[in-house]
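What follows is a group of structures, each given as structure tokens.
Heads up, the next two complexes both have chain A, just with different partners, chain B and then chain C.
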Partner chain A sequence: MREQLVTDFDKIISDSNFSKKDIELKRISLDKFIEDGFPTKKKEDWKFLDINRAIEKNIGELDFYNDYSFQNKIDTSYFVKGLEHNKIVFINGRIEKIDFKSEDSNKIEIIEESNLSNKFNNINSLINLNNAFANKNYKINVKENYSLKKPLIVYHLTSNKIYKKNINLRLDFKLESNSSLRLIDYFEDDSKDNFINIFYNFDLEKDSSLKNYKIDHKDNKNVKYSFNNIDQKENSISETFILSSGSSFFKNEVNCDLNGKYSSAFVNGIFKLEDFKNHEIKTNINHLTENTKSYQLIKSVLGEGSKAAYQGKISVNSIAQKTDGYQLSKCILLDKTSEFNAKPELEIYADDVKCSHGSASGSLNEDSIFYLMSRGINYEQAKELLINGFLLDVIEKITDSETKNLIKNTLGLKE
Partner chain B sequence: MLKINNLNAKIDKKIILNNFSLNINPGEVHAIMGPNGSGKSTLSNILSGKKGYDVTGEILYENKNLFELETEERAHKGIFLAFQYPLEIPGVNTNIFLKTSLNAIRRANGEKELDAIEFLNLVKEKAKNLKFEEEKLNRQLNVGFSGGEKKKNEILQMSILNPKLSILDETDSGLDIDALRIVADGVNSLRKKNNSFLIITHYQRLLDYIKPDFVHVLINGKIIKSGGPELALELEKKGYENFN
Partner chain C sequence: MREKELNILKDYKYGFTTDIESVKAPKGLNQEVIRFISNIKKEPQWLLEWRLKAFERLKALKEPDWQKPKYPKIDYQDLYYYSAPKSFKEKPNSLDDLDPKLLDTYKKLGIPLQEQKRLNGIAVDAVFDSVSVATTFKEKLTEKGIIFCSISEAVQKYPELVKKYLGTVIPITDHYFATLNSAVFTDGSFVYIPPNIRCPMELSTYFRINASDTGQFERTLIIADKGSYVSYLEGCTAPMRDENQLHAANVELIALDDAEIKYSTVQNWYPGDKDGKGGIYNFVTKRGLCKGKNSKISWTQVETGSAITWKYPSCILQGDNSIGEFYSIAITNNHQKADTGTKMIHLGKNTKSKIISKGISAGLSDMTYRGLVDISSRANNSRNYTQCDSLLMGNKCGAHTIPYIKNKNLESNIEHEATTSKISEDQLHYCQQRGLNQEEAVGLIVNGFCKEVLQQLPMEFAVEAQKLVGISLEGSVG
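What follows is the complex of A and B.
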């Protein structure tokens, strides 16, 4: 793998026009990645989803170089209908379109960043890989007091032109004070056996609001990792919702630093898995000052052979009095071969806090199924009613009604 | 309509129904009375197709072997069980459940499914007859309903589905006298030439409002005596202990 990494890296550098300093930083990240490799389950944080093994077993040798000199044709049939929106379109990792037509153009700034910072070195080896190989780095800046009129959908499209490739994406968002953004990540894969590695960084200034909804629903045989770093100032709100379902492997990681008073973070999600898929959500909520709040609810429905894990960590700094932290996960195991692992962690160094966690899993209630069937509803439909009913309360946590409907439709939940 | 011959049911080797036989003709109302644990709910469950019992014997429904039908097929063919303990189903809207159920049965019988408006009109009418607060139908099925509301909801479902054989498993217990009367009216309004009822109860009280054609006394999984409505009164007087 080492030689492959080095040659692919050199190709990327010669294709692009990074500054000397950036190249240096990228090379440091590369060297670090070469040293560490993909995370294995020996690392505590990776014990439920061994990404190294997932790649070895399901993909084999990866290719880290992508030729981005050719434009891909955008198939507009992938676009979400009935919901007016702004777009960023990635096809096979190449950014094909940035469209903020619905917005005031002087309220949104899109910067192709040239100066990398080393702030994100060594978070983990996949972020190092991303730092080394991401070929472009866009920063989207929402100006003070501006609320985007329409949501932004970032399309993550892949086609069968890529196979056994590693793709690294990076986006940065800055929400200036009192601004707001609804961001939907929409995954549609027509490729297989690739490893897709996504890193977003968000800076939420005072009174700003971010809603990030991730929808991975279409069945595909790719391995994915997504890392959201969210830095929050006073009175800012972040709401993250993850529908984790389509890919063979998907680990979503969310790190929230609640730096400002009265800031709050909500992370909710659904695992809906079948066919030996293996997904994880890992959260790190850091309550770093007084009067901050976090809330997390994860619901899972796991079919044959599938596995999901939820590692939710709430850390409360010694000065973070009046912290309110809550997390709960509930799971329905549809088969004796399905597996759910919850690893809640509370690390509390302040005394005046309210924190709780809970987790429950079980199978579908046979008596409930009998009740529904005794009313003429067949087994499959009864099961579906119960599952949808089980998922309803976490879907109701989505505060943006347009996205809530989109996700309901995606899951086939009718009104 | 329903012929039960020498039905035996066991769970984990424990005998619950013991050579149980019963014959219900179209239009008849039968009451089964028995103490707690005598096997009344087990009988209802078996008639509705609940799994998990070790069963021998024969049950014919409209001259066909009932055991060959799945639970939902029995419902399609007109068997309805009002549960002793109706289940709470979180996240499932009561109206949506009712519509799904009604249309599943109509579809299976080759009838046109009701659209949203036709359905709502039907539900409105039935709910009104039962003095069931319509607003409750927009809530999650039985979640947060009182005991009485749950029972009424069963009768509402019965009146919407209009079954041929209705089994009421202790629908009367936990109902106050007003609710009892409403429930009885609901049942009586469905009494027709071809509709039969099996009313399971603990007390004679309900039978003041729903006049049965036959009363059977079930003890330890076996009918020990059958007779007319007067049997219920006799039972009420003597109590189960002294009844033999």
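What follows is the complex of A and C.
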């Protein structure tokens, strides 16, 4: 793999017009990645799902070089209908379209920057890989006091042109004070056996609000990793919702630093898996100052051969008094071969806090099924009804009604 | 008056040393020392080989470092692995032959070695540094066929039992400290309860580290044969010393069909002084195997002492319908650190486990609950319930909860709950209004917080433990 990495890297560098400094920084990241390799089970954070094995098993040899000189055709049939929105379209890792036509163009600034900072070095080896190979960095800046009228949908499309490739994406968002953004990540894959590595960084200034919804619904055989880093100032709110269902391997990681007073973070998620899929959500909520709040709710329904893991960590700094942290994960196992792992972790250094977590897993309640069947509903329908009710609980936590409907439609849950 | 009492209590009252001549093995960890230990105990060849095999494996192992409380590296070559009072060259036949200094020591500790003076029916095996000094109530137990003696004695008298069970729950291929213990273990208790016998009294071991620079490596093996029951208590103290002392014990429990073992620990090793100097490193491996159908193992622990406590009493629920329980109170104050919890490994059908853990941290201490619940795909219809609550006093201490939950079985249920809080102003106010001072109020509330666990202890122990809880937190409020 090492030679592959080095030759692919050199190819990219010779094709591109990165500055000298950038190349240097990229090379440092590359060296670090070569040293560490893909994370394995031996790393505590990767204990439950081993991405190294997933890549070996599903993909084999990866190709890190992508030719970004050709434009891909955008198939508009993938676009979400019945919801007016702004778009950023990635096809096979190349940005094909950035469209903010429903917004005031003065209020949104799109900066194409290649200036890397080494702030995010060494969080884990995949971020280093991302730093080394990500093509262009776009930074989207939402100006003061501006709320986007329409949601922004980032399409992650792949076509069957790519096979056994590694794609690295990077987006930066800055929400200036009192601004707000609704961001939907929409995954549609026609490719298979690729490894897609996504890194988002959010800076939330005072009073800003971010809503990020990730929808991975279409069945595909790709391996994905996504890392969200959210930095929150005073009174800001972040809401993250993850629908984790389509890819054969997906790990979502959310790191949230609550730096300002009265800031709050919400992370909710659904795993709906079957067919030997492996998914994981890992959260890391750092309460760094007084009067901050976090809430997490994860529900999973696991079918044949599937495996889900949830690692949620609430950590409370010694000055972060009056913290309110809550975390709940629930799981229904539908098959003998399904498996659920959880590691809900609390790390607390302040005394005047209210923190709790809960976790439960088991099968569908036979009594409830009996109740429904005795009222003339057949077994399959009764099961579906119960599962839908179980999942709706999380969907109802979505505060944006347009997106809520979109997600309900994708999951086939009618009003 | 009360103040005076408190001042005495505030200091670690078991901190005295007994001035007694001792025989020690040469310092260091090597084959010769292992041979020396084996030789002085007149062990059979197979046990020596077993020890040496463990030692070979130890060389290949690395000390684990994933735990929360970090500690300076231990120099294993700078420790004495064997220390025994000199008068023990020949083991005394009865208590009358025992060195009076030793009897005095145990009297000071409140352990009734002289049976006639005892008030409560508890049979005691007292372990002083590396050797067992006395076991009481032997005759009465022998009548019923119960074997309760030191493990060295068991190796001589009942080699087939020891050979059959030793290392079946904690094999020599286990982690670093367990393997270290297998190589150099010195003494400990051995209990065998024959089929269908209910042990008529509480069995108890009392551990005492006296000599400096020694590590205590005891090994306890308890076997409850079909349909039997035993309740076992363990208590520990050590003198106050500036250096840290290592205590790496192994405890193995085996419950056969329909048998029940109840294992209670009140751990009060010297915790170090206010500035975190000295104290015991308590790195213990405790594991129980529910081997037979309908068997039950229950762990109860009150952890108040030690500079660092690092242990996870576990249950392997192998037999169908077997039950594992874990009740724990861990209290850390000043610079103490604890990383403790349990593992419940469900292998058999219809197995049940329950975990109740209460952690209290005060001062500058750090307290971690770490646990594993693993339900395998074969363990149909199994259940687990876990509750771990932490109480924080002051903002310089930490309380952490790290549970690992693995469910591979569709018919099984796992529930886990955890909360962290402090003593609320309202509760304090309510108690103070009724004439309790702040410290008493805190004591009352903390005892209430721990009640679920304290109830599990045998009566005599519960009273002691309750007092201990109060003493450990002395001076941590206000």
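In the analysis below, the second predicted complex is superposed on the first by the 415 of 415 C-alpha atoms of A that agree within 3 Å, B and C clash if a C-alpha of one lies under 4 Å from a C-alpha of the other, contacts with A are read in each partner's own complex, and residues count from 1 in each chain.
Keep this in mind: a contact is a pair of C-beta atoms (placed from the backbone, for glycine too) under 8 Å apart; a residue touches a chain by one contact, two chains touch by 3 or more.
Quick caveat: nothing in here was measured; it's all calculated off a predicted structure.
Participant: Tell me which partner A:Glu112 touches in the superposition: chain B (first), chain C (second), both or neither.
Facilitator: neither
Participant: Look at A:Glu61 in the shared chain and tell me whether it touches chain B only, chain C only, both, or neither; answer first, second, both or neither.
Facilitator: So A:Glu61 meets neither chain B nor chain C here.
Participant: A:Gln321 contacts which: chain B (first), chain C (second), both, neither?
Facilitator: The second partner, chain C, only.
Participant: A:Asn341 contacts which: chain B (first), chain C (second), both, neither?
Facilitator: Touch status of A:Asn341: second partner only.
Participant: May I ask you to name which of chain B and chain C touches more residues of chain A?
Facilitator: C
Participant: Kindly list the residues of chain A that each of chain B and chain C touches, one partner per complex.
Facilitator: none
Participant: Touching residues of chain A toward chain B in the complex: what are they?
Facilitator: Touching chain B from chain A are residues 365-368, 370-379, 381, 385-386, 388-393, 414.
Participant: Considering only the defined contacts, which chain C positions touch chain A in the complex?
Facilitator: 66, 377, 390, 392-422
Participant: Would you mind writing out the residues of chain B in touch with chain A in their complex?
Facilitator: 45, 48-51, 70-72, 74-76, 80-81, 83, 86-87, 89-92, 96-97, 100-102, 104-105, 108, 140, 157, 161
Participant: Report the residues of chain A in contact with chain C in the complex, numbered from low to high.
Facilitator: 44, 318-319, 321, 331, 333-363
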